[in-house]
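Sharing a structure with you now.
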Amino acid sequence: MTVRVAVAGASGYAGGELLRLLLGHPDVEIGALTAGGNAGTPLSQHQPHLVPLADRVLQDTTAAELAGHDVVFLALPHGKSAELAAQLGDDVLVIDCGADHRLTDAADWERWYGGEHAGSWPYGMPELPGARENLRDVKRVAVPGCFPTAASIALAPAFAAGIVEPDVVVVAATGTSGAGKSLKPNLLGSEVMGAASAYNVGGRHRHTPEIAQNLGKIAGTRVAVSFTPVLVPMPRGILATCTAPLKSTVDVRAVYEKAYADEPFLHLLPEGVWPTTAATLGSNALHVQAVADPDTNRLVVVAAVDNLTKGTAGAAVQSMNLALGLPETTGLSTVGVAP
Amino acid sequence: MTVRVAVAGASGYAGGELLRLLLGHPDVEIGALTAGGNAGTPLSQHQPHLVPLADRVLQDTTAAELAGHDVVFLALPHGKSAELAAQLGDDVLVIDCGADHRLTDAADWERWYGGEHAGSWPYGMPELPGARENLRDVKRVAVPGCFPTAASIALAPAFAAGIVEPDVVVVAATGTSGAGKSLKPNLLGSEVMGAASAYNVGGRHRHTPEIAQNLGKIAGTRVAVSFTPVLVPMPRGILATCTAPLKSTVDVRAVYEKAYADEPFLHLLPEGVWPTTAATLGSNALHVQAVADPDTNRLVVVAAVDNLTKGTAGAAVQSMNLALGLPETTGLSTVGVAP
Amino acid sequence: MTVRVAVAGASGYAGGELLRLLLGHPDVEIGALTAGGNAGTPLSQHQPHLVPLADRVLQDTTAAELAGHDVVFLALPHGKSAELAAQLGDDVLVIDCGADHRLTDAADWERWYGGEHAGSWPYGMPELPGARENLRDVKRVAVPGCFPTAASIALAPAFAAGIVEPDVVVVAATGTSGAGKSLKPNLLGSEVMGAASAYNVGGRHRHTPEIAQNLGKIAGTRVAVSFTPVLVPMPRGILATCTAPLKSTVDVRAVYEKAYADEPFLHLLPEGVWPTTAATLGSNALHVQAVADPDTNRLVVVAAVDNLTKGTAGAAVQSMNLALGLPETTGLSTVGVAP
Amino acid sequence: MTVRVAVAGASGYAGGELLRLLLGHPDVEIGALTAGGNAGTPLSQHQPHLVPLADRVLQDTTAAELAGHDVVFLALPHGKSAELAAQLGDDVLVIDCGADHRLTDAADWERWYGGEHAGSWPYGMPELPGARENLRDVKRVAVPGCFPTAASIALAPAFAAGIVEPDVVVVAATGTSGAGKSLKPNLLGSEVMGAASAYNVGGRHRHTPEIAQNLGKIAGTRVAVSFTPVLVPMPRGILATCTAPLKSTVDVRAVYEKAYADEPFLHLLPEGVWPTTAATLGSNALHVQAVADPDTNRLVVVAAVDNLTKGTAGAAVQSMNLALGLPETTGLSTVGVAP
């Protein structure tokens, strides 16, 4: 089986990572590559690491250019996906790496993003309880945000087992590629190297309602999420430190061992070993460790993930595999590039 | 006035930073420089940035070599300070950058460090309520740990104003120099670059009781401290994200403006601006921002500090100034080196 | 066809990269993994990114443990390969990532490494003129050094075309993994980040005679090689700037286009575009650009390569493929991981 | 003596470093701070590390705003200095950190920068033979480029002693701040970290004629300069590797010891020790080591310098001191910030 795939937004970081993974996928033929302002320029100018595609030129992101493919990946600024997807037809598998279709509550959308809610799509995080089945044979997928990937998978077992209070604190260190290729002074190399800095502090990051949505659905109640992202000097990677009060004394490790036992991309580390983002670079694995802190009666879970792979493009390919009926792990690896 | 100063542990990072600051201090003459295993080697081999001291050779760390100075700074492995200090005499100002004399509770010491408690010394964090006066004319100072510096100063105003519950979560990104020059595989550049990793998770870091001690003293009650350190790829700097439940709706900014108004080294940033460690490199300033998160009813405070300057050596010099009756800011700067 | 492969030195950087590539090789089954001082410890302690091998424990590096494999990769300290290879038998394909069998001249070996020369093996750089054929069906391969890979391939076309004088200057920036996992103070993250530093200056690096050997063989005369390595703050990657006087005015680009036309892993960049190591991370591609400087009448060639992939482990796998009669590119990719 | 100083271009990296140094200069009062597009914004938005100036707002860069100061530093895009300087009056000391007045040859200016040559000013590199005297009591100074600072000082002793041929190769690793705050994709942190990349290869960098001018003046003949800059992942620092053929066998160290003996900011390292940029961070020192390579009969000199301090702002302050008759080292330090 060979599916013909297009990527809209191919000059950005998510687009580049999609192409890196798709070049290694045995069932994929890469078709149209489109961009916004970069249309007409060679792909190699933006993605010099994609040598096999060095001769490609970026086309305009229009429905016409994207027509005629079995799968279309959208890596666009938010607010751009719904209209384009509508033009692509219901028989095309559309996988949106943007935020447009992640939130199920219209009021949440309006508060955090503004404008009219375009409706929610099946959510591409098969590791959440019951989620995998909902991705089979679908034609639309909303790929999760990178922080929600780390935080939700880290805390899902605890809420599923009912062992924590719905009052979580998440502080997540992130590499700079999470901010995309925006030409902002604070993202310049000179500013970033040697710098750890917090942003959108006080519950102002747009990934906050997505984390609350994921955990609230499992908990069956509203979960208060105090989320603070911290930019640190590395190109990729998220390390999320997540904590919540424990309801009682439990065997935390047993809870996590059971929850992750059959998950191909979730890697519970040996006891006493804590995750490092370096071990996840370029891989679709999410490394986790969890422990109870007896002095504060809190659960502390730390998750490491590559924001561009499992945090975006890897989840997109994983969702494609499920939607197409392919083995879920096709073209994806748990092996990172280190050091 | 010129005081003659010795530094024990001059080949390490804390020792090097002490010397950098002392070279710029107008009232100081640098005397003996001693080391443990590195005794007999040139200082320049370990501290090539200290050009004016390029001709110095490290001596043995013994009371004899350290005798005859007005001030002795100790930058030694923990457990080594008490005995040496006893041999130096009560008229010598001894400033210990190690942990030996920070904790006031002997049981805390035994639990977290082991061995017999050597007793506590005046604590070199003049910014805590009432602490400045306790440092004048003393002959012994325990320099605070780097994480406790960031977390305690960040949360002190909230506890002093009584606006938060005694249940805090602190997640602090730290540069690698906090671990010293230990030759451990996980501190190699190849491992560190591109890596964010948590360690001593679940309340196991030795700075935890020190934070709890500082905040508990202000709060007048036990404060639960969930503390997680995260190693990130930069040589210096700590960015501490600190949160606690708010007791009621308050004007957080007013609390912090008042608390820091007269502090020469505490810099409350303009509203909406969040700290970056890059702005504190080599300076004795601690940059802070605080905000209430209405969705979770939490206070979130972020503090940035150079772990080697205000976090160690700068606090040591600041304490020396107070102990000697010099202006507190002598030889110290709030200007960082950036980018 | 499935070949059973062992890796000696599996806890180091070269060993880890070999395993990363071998995990993606369709014709390989990974057998014994051995180590020196780390024997008995879990592989995951040293290579947390190799999730599929997380359960493996390192065995001792002995001929007995390595017996019974079709291919044995050696990633050992220099001087250790010859004796071990002799015990493995002539029918086993032994691929040595160390230096022992690279130099053809015994006097060179004695001068640069000391001790007795163990003899030279077929040299695993198929891109050199005539070299590919010499690797087919062999049972012993000496994998080139990382700097010689960049410098030799960069300058080979110029010497083969006879357009430059035999007097080259090579200055090569290198990431820290080139130094291995040695626990030296100057390799600590705190020292490395923010630091560019030269070492083995003045023609003292052991890769110098290897570069001279490769280029001299093509030139048919002794080539003077002034080589300076510069350590820069990144985990991987070599950027070699190579220059030599031009004999006359020539179309440099035509020379390079012709030389690299059929090479699967050599990527001559579009005119005006210069290599970056970031585009080669984890790939087996070597990116090159070349230009004439009319003011100095010099050729300047810049090559970027991942020192652990094409610079070591990738070349090893490429050589294995040739020696076994597999397609040369099996299990290897020209796609890098970026950003 | 207190001089009143203005800085034009205060929101950029050179401007920020000037202010950092001027804040520590005992004879300076900081007056007007001006900018181009950033006029009207708070300085703290661009230079959060300059805490004592946190209340300042940037004014427009006009002669009117800059009037009434004893010294005006210009950190402007090239081509902007001459007209502004003319309006400031001949009695004001104008120190230009830009390129406008460095080149003495009008044809060089037109070839490398384009437009009409504005004439040359006294060149602010007192370490060159005879240069110091030419800076006393002047009213105009052209501050050298950062690469020419490293390369010229590194090679000056060899040309002054007549021991090398006029055919030099310079390959210099540089931190990203040398490119300023330009919002270019290749300067984003995500692109820069993990990347070494060459640019302006083949003798196309504008600092090439400045190096040739400096060395040619000493040599008394045209010096061919093959110069390649390499961008590496650090905010600051230049490491220049410089080589030239030796005319005969000489005691290289003796030449350099003699040349640098009385220079306050030139630091010849102990034999066998090679420079690292990390030791120069924030300092005005230039660290050098030199050696003969007997195999190639070449001199190899390596110089490390902070591009923003001794490479720009430090040289500007050093020149100001000389022009004003102050001790040359006032407000400048040879102590770096490390690690």
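Letters A, B, C and D name the chains as they come in the text, with residue numbers starting at 1 for each one.
Note that in this section a residue touches a chain if its C-beta (ideal position, glycine included) is under 8 Å from a C-beta of that chain, and two chains touch if they have at least 3 such contacts.
As the structure is a computational prediction, the values presented were derived from the model and not from experiment.
Trainee: Among C-D, B-C or B-D, whose interface repeats A-B's (more than half the contact pairs identical)?
Mentor: Answer for A-B: the repeating interface is C-D.
Trainee: Please work out the Cα centroid separation of chain A and chain D, and write it as a whole number of Å.
Mentor: So the centre of chain A lies 45 Å away from the centre of chain D.
Trainee: Between chain A and chain C, what is the separation of their C-alpha centroids in Å?
Mentor: Taking the mean C-alpha position of each chain, the two centres sit 35 Å apart.
Trainee: Considering chain D alone, which of its residues make contact with at least two other chains?
Mentor: Expected reply: 13, 175, 177, 190-191, 193-194, 233-236, 276, 278, 281, 339.
Trainee: Report the topology of the inter-chain touch graph, choosing from line, ring, star, complete and other.
Mentor: Contact pattern: complete, every chain touching every other.
Trainee: With touch defined as at the start, can you tell me which chain A residues reach chain B in the complex?
Mentor: Residues 167, 169, 171, 173, 175, 190-191, 193-199, 201-203, 208, 224-226, 228, 230, 232-239, 241, 243, 274-278, 281, 289, 291-298, 300, 302, 304, 339.
Trainee: Residues of chain D touching chain A in their complex?
Mentor: That would be residues 13, 46, 175-177, 179, 181, 183-185, 187-194, 233-235 of chain D.
Trainee: Sort out for me which residues of chain B touch chain D in the complex.
Mentor: These residues of chain B touch chain D: 13, 16, 20, 23-24, 42, 44-45, 47-52, 54, 177, 193-194, 235-236, 267, 269-270, 273, 276, 278-283, 285, 287, 333-339.
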